[in-house]
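Both complexes below contain chain A, partnered by chain B and then by chain C.
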Partner chain A sequence: MHNQPAPIHFWRWFDPRSHKPGTWAFILNRITALGLTLYLAMHLVALSQLAMGPAAYDNFIQLAKTPVIKLGELLVISAGMIHGLNGIRIALTSFGIGVRIQKQLFAGLMVLVLAGILIFAFSMFGGA
Partner chain B sequence: MSGIRWNITLMVSRQQTDGPRTFQSFTLDVDPEEFVLDAIERVWAFQDRSLCFRHACHHSTCGACGMLVNGTEKLTCITPIKSVTQNDAVLKIEPLRNFPVVSDLVVDMGQFYLHMDAARASQVVGLAEACLPFEKEPFESKGKKFERLVDCIECGCCVSACPAAHTSSSYLGPAVLAGIQQSNNQTADINLLEMADHQDGVWRCHSAYECSAVCPSNVDPAWRIMDLRKKIVVHRLKNLFRRKETIQHA
Partner chain C sequence: MVDEGSKPKKREGTTLWLLKIIGGLLIILLLGIHFVINHLVAPGGLLTYQDVINYYRTPIVPVMEIFFLVFVVSHSLIGLRSILLDLNPSDYLLKIIDRILVIVGSGASIYGALLIIFLANKGA
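For the complex of A and B:
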């Protein structure tokens, strides 16, 4: 059974060895999707602080201003940009647009993501 | 041959059906210009006659010798040793993924061939139809009708490399979907579109493009899958309007 398709083999999705950019994009999309889902859950938990009174909320806001949390926020922004822009690439290629340049599209969009991350990082940490 | 000699270690997967997989090492003196299949054959001929592997034509026509070479799907008869390893290094040979192992490097491709058959994938088509639309025809037909073999040699490399096929045994897979696309191009048979229009058909593809990356025969299954999606969407839209017309007339 080791060699046959099975849902338990989902870990192979995340194995980048011997694979090409199309698979790296596939892996990035899955990792960022999991990260964003986890963030959504954490975000809802954090918002629930609002219901516990002004003091609890103020404490949470203080925590949110710490560098570790800000770094986490930068990761969320990065994941959102990677997932969103790569999603546009997949939507286009899924209907035959740019299939033959999908690798270049991926590289170009990731350059945009990198630029976006740098801009956000500067605005979040540059003035600190 | 180059006259250069390399010393390589072939780590070959050994396995009986559902039994545990082990790796057996064989040391070989090879010419780096030789092909991976030559090395495997030499192991079988001079070191271990019990080694099971498939091969036939030795020139990428039969598609029998697809294997995993250092983790990547290769047609071993056209893969030079120098392109996948170096002197004093290891060459890891495993059976294709996503197929049941019969023995060692031999996998059971029965179900795959049945699906190819159902897709009515032709072996011989007109010269123009055999080419992808963005390819130039290999020579000018000058009004004459030429035929040639289709590119797909049914080696199964694309199925082995596809991440969606790792987890779904019911997925038709890249080669079958490419076969459906090519058959539909020839026949315009809408039944073929319906064969691919379900969750284990074109919609299971997650756009990793690994099938086209490993295809040794210029089929470009990923491009064909995307083209098939377009055709299916157009077919669905046409059906939608046809139904509306029918209702209005009624």
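For the complex of A and C:
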């Protein structure tokens, strides 16, 4: 499979078989990008509650503290970390830095992501 | 390991690609600040209405948040365009997509900036 899929092969993004690290990096970057763009739109709409005054906003904040929404937030944080750290790798290699150690860089950054997700999960749900 | 994100696509252009990469790096920095203040420092991970108003009293905050908003919106829409380019749209369709993205991006940026200015004025 090439890193740049043809439209009819779009579904292969979600097929976990026979992917090389570069393809995984590409797929993860695209899926998290779409998720984060959707979240950005929802975030902007949700923040309109701020214009409706304290009662509307604070009620919304109470809703945001429910476990389902918190789980959604953890997903957003995870997507942000994956996209951000993988993005740093892309930026570095774009300027010719670390091109030969891309695989190791990707693996190392994903380990950092995993550690970050665990820390945030503990901080969000550990004390509950 | 080959990564298509490491170079501009045929119809993406170097300027947009460079904006996406540099914007992405700036977002990481601004997101870090935004995230620490809005979610880690705040008790329970979320600011109350009064906390938000107090936060926006610091003059640098509205300016930083507007920059952050514009970078995030631009980066996400240039990125979305890049994904859509994978689907090989015709030149005509790409023109329509570009117009929609410019309208959506401008709309989101103006709406967000007005909300930030509104909050900053509330705290003044």
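Everything that follows uses one rule, which is that the second predicted complex is superposed on the first by the 111 of 128 C-alpha atoms of A that agree within 3 Å, B and C clash if a C-alpha of one lies under 4 Å from a C-alpha of the other, contacts with A are read in each partner's own complex, and residues count from 1 in each chain.
The working rule: a contact is a pair of C-beta atoms (placed from the backbone, for glycine too) under 8 Å apart; a residue touches a chain by one contact, two chains touch by 3 or more.
As the structure is a prediction and not an experimental result, all values here were calculated from the model.
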Would you check which partner chain A:26 touches, where first means chain B only, second means chain C only, and both and neither mean what they say?
both
Using the superposition on chain A described above, determine whether A:34 touches chain B (first), chain C (second), both, or neither.
second
A:54 in the overlay: touching chain B, chain C, both, or neither? Say first, second, both or neither.
second
Classify the contacts of A:93 with the two partner chains as first (chain B alone), second (chain C alone), both, or neither.
both
Regarding the shared-chain residue A:118, is it in contact with chain B (first), chain C (second), both, or neither?
neither
May I ask you to decide whether A:102 touches chain B, chain C, both, or neither, giving the answer as first, second, both or neither?
both
Per residue count on chain A, the busier partner among chain B and chain C is C
Chain C-contacting residues of chain A that also contact chain B
3-7, 10, 20-22, 25-26, 90, 93-94, 102-103
Help me check something: in the complex, which residues belonging to chain A touch chain B?
1-7, 9-10, 12-13, 17-23, 25-26, 90, 93-96, 99-100, 102-103
Per the contact definition, I'd like the list of chain A residues that touch chain C in the complex.
3-7, 10, 20-22, 25-26, 29-30, 33-34, 36-37, 40-41, 44, 47-48, 50-51, 53-54, 57-58, 61, 64-65, 80, 84, 87-88, 90-91, 93-94, 102-103, 106, 123-124
What residues of chain C sit close enough to touch chain A in their complex?
1-7, 21, 24-25, 27-28, 31, 44-50, 52, 72-73, 76-77, 79-80, 83, 86-88, 108, 111-112, 115, 118-119
With touch defined as at the start, can you tell me which chain B residues reach chain A in the complex?
18, 21, 70-72, 95, 97-101, 107, 134, 163, 165-169, 171, 206-210, 212-213, 222-223, 226-227, 229-230, 233
